[in-house]
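Worksheet for the structure shown next.
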Amino acid sequence: MTDSTSPAPNDSNTSVAELKKLVDDFVGQRDWHQFHSPKNLAMALAVEAAELMEHFQWIEVADSREVANHPEKLAAAAEEIADVLSYTLAIANSLGVDLSETIHAKMVKNAQKYPADSFRGRHGGE
Amino acid sequence: MTDSTSPAPNDSNTSVAELKKLVDDFVGQRDWHQFHSPKNLAMALAVEAAELMEHFQWIEVADSREVANHPEKLAAAAEEIADVLSYTLAIANSLGVDLSETIHAKMVKNAQKYPADSFRGRHGGE
Amino acid sequence: MTDSTSPAPNDSNTSVAELKKLVDDFVGQRDWHQFHSPKNLAMALAVEAAELMEHFQWIEVADSREVANHPEKLAAAAEEIADVLSYTLAIANSLGVDLSETIHAKMVKNAQKYPADSFRGRHGGE
Amino acid sequence: MTDSTSPAPNDSNTSVAELKKLVDDFVGQRDWHQFHSPKNLAMALAVEAAELMEHFQWIEVADSREVANHPEKLAAAAEEIADVLSYTLAIANSLGVDLSETIHAKMVKNAQKYPADSFRGRHGGE
């Protein structure tokens, strides 16, 4: 995919479209698009989100921040985050959703729902 | 964030780092980093994954593909996908994870676990 | 279902089979068994589990215990727990699973996996 | 727990309170109540719901019903259902919720929200 002179991929030099293609190629090479309906992918995404959560389920909120300083635990959590992202990209692929456009639009909506001045320091959720 | 001459953001012209910053700025402007521990964000991500799943829970697998052709349902699902992505980016921000690097590494691992030749047309999961 | 002289149902005077029947009658009266496949019910159960989780997602672990002392928050959480239980009973109904038998057998297995002496005060999960 | 003359526990001869006690004794014997906050238990419950869902994620809706006829797959799914039920009972224990009373009250509310006549054959969810 990259020749020896390409820089290694990182978040600054990689577009969302490149990650979508990475996932789509993987799926296509295995003829897995037949399983990749939005229904099945939404389930798979929720399963991966739960696997990520499992790393934090019995620990205190403050201790979960410490995972960033523990290379082995961090690598394990990062891998689950990658799995969540893979299925997020796959479901966007399956429905033809432009993620960057959608997230920008959603952030505008969120900013109206949670104006910075009235929600500063107050969480918005239930 | 963009002046009137900037092209609208889309998956081809937007880097993963730009989306991470979009989310991080939103969180910072509301002083919400205090709530954004990995534990809480993993929960929020699982909640959003469930909200996405809700759109598909009572329908047939084949009908879930049809959502792509139904603008109103598609917009509703796309918004949930954006919420999932927002928390995926937020948890990557909270732990300092480079998503592009991690997903590339995970795909190499997945390719070893599910060789294209032996898994073609056979799903890999349980 | 109960005449005026029946005691109100509570956990001491109610069998698991009675709750299974309560849910099954509700489903049957609406001709919903057609939607109650194990796949759909597992999704619905995960959605309800997420709705329960939402009540606790931004708060500290210790504060989540305080919900027991706050009647309004407790009633809201209890209702989500009832929803989770309803779908647990529905999936047991759909697959013909005896929950009491299965949970007793699982507890024997758990006791072997987590012997009380070696796991006292140490959580078993990841 | 039972002497040789007790009947084996099943859903007809077991009260909800007996299952709550089974779980509570297991937790107490390991001094795990310290981990069993509603927040942590809601996470654990969502994780178990996802593990149950995993058994059905790549298959068709109709095929998920066939799991009932496949002893090995059924036993595996039943065990996940028992895990979900265990955490449902544990969270009810942690908050002091009477499940039978709550589910009866919720079913009355559901019957008002989804009158049998207008929802017959039409699922109620999104």
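As written, the chains take the letters A, B, C and D, and residue 1 is the first residue of each chain.
To be clear about the criterion, contacts are C-beta pairs under 8 Å (C-beta built on N, C-alpha and C of every residue); 3 or more make two chains touch, one makes a residue touch a chain.
Keep in mind that what you see is a predicted model, and the values were worked out from it rather than measured.
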item: Recurring contact interface, reference A-B, options C-D, B-D or A-D [over half identical by residue number]; value: C-D
item: Winner on C-beta contact pairs when A-C is weighed against C-D; value: C-D
item: Interchain centroid distance [CA atoms averaged], chain A/chain C, Å; value: 30
item: Rounded Å distance, chain C centre to chain D centre (Cα mean); value: 4
item: Multi-chain contact residues (two or more partners), chain C; value: 35, 40, 43-44, 46, 49-50, 53-58, 60-61, 123, 125
item: Footprint of chain A on chain B - complex, ascending; value: 8-20, 22-23, 26, 29-32, 34-35, 37-40, 42-46, 49-50, 52-53, 55-56, 59-62, 64-65, 67-68, 74, 77-79, 81-86, 88, 91-92, 94-107, 110-111, 114, 116, 119-121, 123-125
item: Complex interface listing, chain C residues touching chain B; value: 35, 40, 43-44, 46-47, 49-51, 53-54, 56-58
item: Chain A-touching residues of chain C, taken from the complex the two chains share; value: 43, 46, 54-55, 57-58, 60-61, 123, 125-126
